[in-house]
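The first chain written gets the first letter, and so on, giving A, B, C, D, E and F; residue counts start at 1 in each chain.
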Amino acid sequence: MLPFAGIATFLRAPHRPWDEAWEADVAFLGVPFDITVGFRPGARFAPRAVREASLRYALPPEGYYHPQRGFQLAGLRVVDAGDVDIPTLAYEVAFERITAAARAVRQRARLPLFVGGDHSVTYPLLLAFDDVPDLHVVQVDAHLDFTDERNNTRYSNSSPFRRAVEAMPNLVHITTLGLRGVRFDAEAVAAARRKGLELENRVLFRSSVKSRCASTCTTCKSGTSSKAKSRG
Amino acid sequence: MLPFAGIATFLRAPHRPWDEAWEADVAFLGVPFDITVGFRPGARFAPRAVREASLRYALPPEGYYHPQRGFQLAGLRVVDAGDVDIPTLAYEVAFERITAAARAVRQRARLPLFVGGDHSVTYPLLLAFDDVPDLHVVQVDAHLDFTDERNNTRYSNSSPFRRAVEAMPNLVHITTLGLRGVRFDAEAVAAARRKGLELENRVLFRSSVKSRCASTCTTCKSGTSSKAKSRG
Amino acid sequence: MLPFAGIATFLRAPHRPWDEAWEADVAFLGVPFDITVGFRPGARFAPRAVREASLRYALPPEGYYHPQRGFQLAGLRVVDAGDVDIPTLAYEVAFERITAAARAVRQRARLPLFVGGDHSVTYPLLLAFDDVPDLHVVQVDAHLDFTDERNNTRYSNSSPFRRAVEAMPNLVHITTLGLRGVRFDAEAVAAARRKGLELENRVLFRSSVKSRCASTCTTCKSGTSSKAKSRG
Amino acid sequence: MLPFAGIATFLRAPHRPWDEAWEADVAFLGVPFDITVGFRPGARFAPRAVREASLRYALPPEGYYHPQRGFQLAGLRVVDAGDVDIPTLAYEVAFERITAAARAVRQRARLPLFVGGDHSVTYPLLLAFDDVPDLHVVQVDAHLDFTDERNNTRYSNSSPFRRAVEAMPNLVHITTLGLRGVRFDAEAVAAARRKGLELENRVLFRSSVKSRCASTCTTCKSGTSSKAKSRG
Amino acid sequence: MLPFAGIATFLRAPHRPWDEAWEADVAFLGVPFDITVGFRPGARFAPRAVREASLRYALPPEGYYHPQRGFQLAGLRVVDAGDVDIPTLAYEVAFERITAAARAVRQRARLPLFVGGDHSVTYPLLLAFDDVPDLHVVQVDAHLDFTDERNNTRYSNSSPFRRAVEAMPNLVHITTLGLRGVRFDAEAVAAARRKGLELENRVLFRSSVKSRCASTCTTCKSGTSSKAKSRG
Amino acid sequence: MLPFAGIATFLRAPHRPWDEAWEADVAFLGVPFDITVGFRPGARFAPRAVREASLRYALPPEGYYHPQRGFQLAGLRVVDAGDVDIPTLAYEVAFERITAAARAVRQRARLPLFVGGDHSVTYPLLLAFDDVPDLHVVQVDAHLDFTDERNNTRYSNSSPFRRAVEAMPNLVHITTLGLRGVRFDAEAVAAARRKGLELENRVLFRSSVKSRCASTCTTCKSGTSSKAKSRG
């Protein structure tokens, strides 16, 4: 079926609501929530837009094929788990539903994909991983998202990692790649450093990510164990 | 669920592919075909756009309600039957699939809704009604769509009713409302009149449609019977 | 100065922040709040857009002039009072600030103009009129905005008049013009009628507004007095 | 040839530059000049846009045909005379070229069509008619375009008729239809009335135009003769 | 003449229809055909868009000049040969006309430029070169366009080189630059390799093209002769 | 205040009209003039657009902060001096006003920022610096802007540096970075070289600017003194 035709699910995967019973290798969950953004809203339409764009890359029955490498990827079970049902204004309700849906998708799929939404959804999504011992997170972002309070709220798109670190003792390390800009909140930077966040301010490109990942692995391990101790 | 969330089906109706077994009061079938248009293409995206727009009017569980008239519409079974799988270029294949899908939807739903697509799809859609004795069609269009051949093809968006009249002896009457313009094909007009088409050139508005329908009913009946006779 | 030049204030009026001391005939207050909308956000940009559009109609020094009627409007003192400072997410804070700013503008200007923003701002704006005895409001809207709760919140753009009627004993009459649609909340309609709301479902056009206003004036007076009594 | 194909000339007419020798029934001349507009520029692209849009209505070889009226229009010689070569900034040069081109097209075509461009081009276009005794002009516009000076210039889009009346003794009558708004220049209105302009302030619609034209014809004749006398 | 003015031909070259007699150094032929695309149509408007964009680079009378290199290009005879007259739906007719027009332009111009249109037009365009012994083609594309059949057609935008290789014994070598992606048709890749296609999967940038061209020349010659032999 | 709220001034700086008395470290002056452009107009809206975009980077009360470098920028006095009042068509008046406003802003602010507008405004802006002995200018542009006359005017966006060099004996050196293209006016290039302009044709990127600036400083000094001598 050509990309402009048919009901738009992620990669034309079957639609299996997240609160039903199924198993998959990859599952897509949309989180259409954008009411905390400080400038131009609209990220609520992102999950649908990603679904429509994905139809150009729908998994063919014979799988993906790469001509020079002879690469063939087939047999992958992909599922579109739909969207979290978001209320407007009642963000506490929204966050609870996001965490519940993310937990369910984690249980049912080996590789869950969560597509927001504004950055505030990172907090309720991370909460769905509160059972992982010594959780490490790699954040790719221009901003730290570690502000304590902004615009009279503690749950905006500036604060998800601050809230997560407060709520999740198992979140022991965050590596942030791609930071840039000069309008940082000094208190947030200091707080992040106290918590052991590793801040990376360079322009992000492929080779740097590679080398970064390599060096990070070593760093993380030791960093994590020392952290684990300091909290122990 | 708010209109920006969730998999976009028509009115949030369940997706039941047209080639499976189901029953409904209303069923939506998309026909994303636009390769016969003579100017700006893009109608292939129309079924998807109609689905997304329909989410603002999704049937509430308690039904539609009209405050002054006390009108309550509930219990309607609506189904989204998906889209016809359209090949590019091979229009004969496309037309066969459109007719097949339309026949299936007709059998399964009391009120089938077919959403194109350019005007050429009218022909394969009408073919799905070739078993209706004395079929009457009301066409609301600025153009007659009765041209014999245009741009070296007999199956463009200018010709669907010409082809239908040729192929379907049971298509005994067409009433065309809303005709306008001065670039008509004189041969098409003459041919339409020979076939008994009723041409209506006035600007179309609500009251005219009402009165028109009233008068048409009478006209059609007699017109139809005489036609039936003449062909009998 | 041509419309594309200069700092954009409403009608090129001087900018006098609403929390400073000034007097005017007309004052503009922007309320850039849109986080309760159920579909496409963006009304937060409306006050700025209205300011920019208004520059095409900036009050000339010699006043407005109508050639056939010999009408000349001059000497009007117009002020742009700026916008309410809106936090994201913390809607209670937003509503308190909206009410405070609206109260201030009411005191300083004979004709205050409040430009939203989504429909939820009607509630905090009406609260700024809680000292008016027997307040009558004329609402021009397709919807009733009298829903008790929607999307898990009681303060969305569907509920401002419900909240206002609950909070303001002096709000004795609302006339709603321009209602249309079939997705009304039956409970809201019933509640509105119990409260004495007058619902008007006709298409809205100029002459109807005129005659409506005429008849409304009489109706309102008697209706108001009887209401005032019933509450007395 | 379908509307999206081919070099875009007006109605697919042959391109005959206005400064060459030809004869036609209808000729199109573009005047892509917009530097006097007080707000959003871009009318310089209008002649090209009109040409592209016209391809949907290109004159068929067999002529235009109207089905109900049996109307057939054929044999019309249409020409696209190209555009005036507009310099930026040097508006005097631009105006001279516009007048010269318009004069040439008038000589070569029975029905010249001039497509601007902003309203200032009306002045150099009218100058091409300075040899018509007792010239009457019907202007369809929301504004009077009779301002003496605006934005430090006497040749903006607000002044073409003022300049024309000053420069052309043969321009004896202007009927202006469709005026609206309250930001008129009182001096311009008074000056227009002194010159005998007839101002019409009603909303413009088809039937009014018809009746207006009917009554205008009579009015104009007598008005013209009296004017001609008063100047005689 | 400024870029927004005048009839839009390629580089303001004179319009000489391809089926008339003329000679030129460079000639532009538009092929506004896009009905085989599998996703977003609209390339039918490309030739016109290229013409309009080219007006910003219209050849000055004194020729092109490069300040540091002292480069001066003058005396070039450029022609706009118009567009192929494309029917909708009847792609065989379209292809025949494309080949005929391309043959004519090849005879009349030393450097013909063909501007589509979707990728399917590559096939009828290549057919116009069926008289060139040992034809080598350099294709710059992300995809191979060597699929045997897609969407029930053998003439889509995925298949032009497959069809050309089948139809043209003189097409002895194709070098494809810029391939990327993982949704390749394995059968097409294998078939291309059997036919001697050289596939290049690297990101395309200037220096690589240069070095590629250098090495290709050598490769091609030997490759070609061996091929020529194998067919001999 | 969030970026979508409030009157849009540059970086939320206070609005101090340029013709009033004030002092600042940084001052913004808009020059909304675009009637000399040869293609697409609209730069008249640029100062307003820059103001709106700047609100995302409004100077926080505590100043700008850079996390890794510990950089803190606070205490800067920024002012929005408004726009020059531009007439249409009367470019001499526009240029006089631009020069007058730029002179005033230079006196009041240590770092004046002038935001156009099309390139022609460079000339009246440079005139505001005619009292600087041995003025050096670094121009970052794809074009030389040194044409003597274009489109029948000597003051278009192609000529500002030519006019400035003619009018300002103190303008002793111009370094032009980023030149590209092959449609240069040979006379302009020769004239620029006679006047001692340094032309730089390389693609512009960060490191090149840095090294360029470094080498330029030395070059300029000696070049200037020799120039100063030659004029002395």
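Here, contacts are C-beta pairs under 8 Å (C-beta built on N, C-alpha and C of every residue); 3 or more make two chains touch, one makes a residue touch a chain.
In this text, all values refer to a predicted model and were calculated from it rather than measured experimentally.
The minimum number of touch steps linking chain C to chain E comes to 2. For the pair chain C and chain F, the fraction of shared interface numbers is greater than half, so the two copies use mostly the same residues to meet. Summary of the copy comparison: rotating chain C onto chain D for the best CA superposition needs 120 degrees, to the nearest 5. Matched by residue number, over half of the contacts between the chains of D-E recur in the interface of C-F, chosen from A-C, C-F or C-D.
A count of C-beta contacts for the chain pairs A-C and E-F puts A-C on top.
In this assembly, the C-alpha centroid of chain B lies 60 Å from the C-alpha centroid of chain F.
If you average the Cα atoms of chain B and of chain E, the two centres end up 40 Å apart.
Note: centroid distance chain A to chain B, computed from Cα atoms, is 44 Å. Along chain E, residues 2, 4, 38, 40, 44, 87-88, 151 each make contact with two or more other chains.
Chain pairs that touch one another, listed by label: A-B, A-C, A-E, A-F, B-C, B-D, B-E, C-D, C-F, D-E, D-F, E-F.
Chain D contributes residues 34-38, 40-42, 44, 87-91, 93, 151-153, 155-156 to its touches with chain F in the complex. On the side of chain E, the complex with chain F involves touching residues 2-4, 56-57, 60, 62, 64-68, 71-73.
Across the interface of their complex, chain B is touched by residues 1-2, 4-9, 15, 30, 32, 44-45, 47-48, 51-52, 80, 82-88 of chain A.
Listing the residues of chain B that touch chain D in their complex gives 38-40, 144, 151, 179, 182-186, 189, 199, 201.
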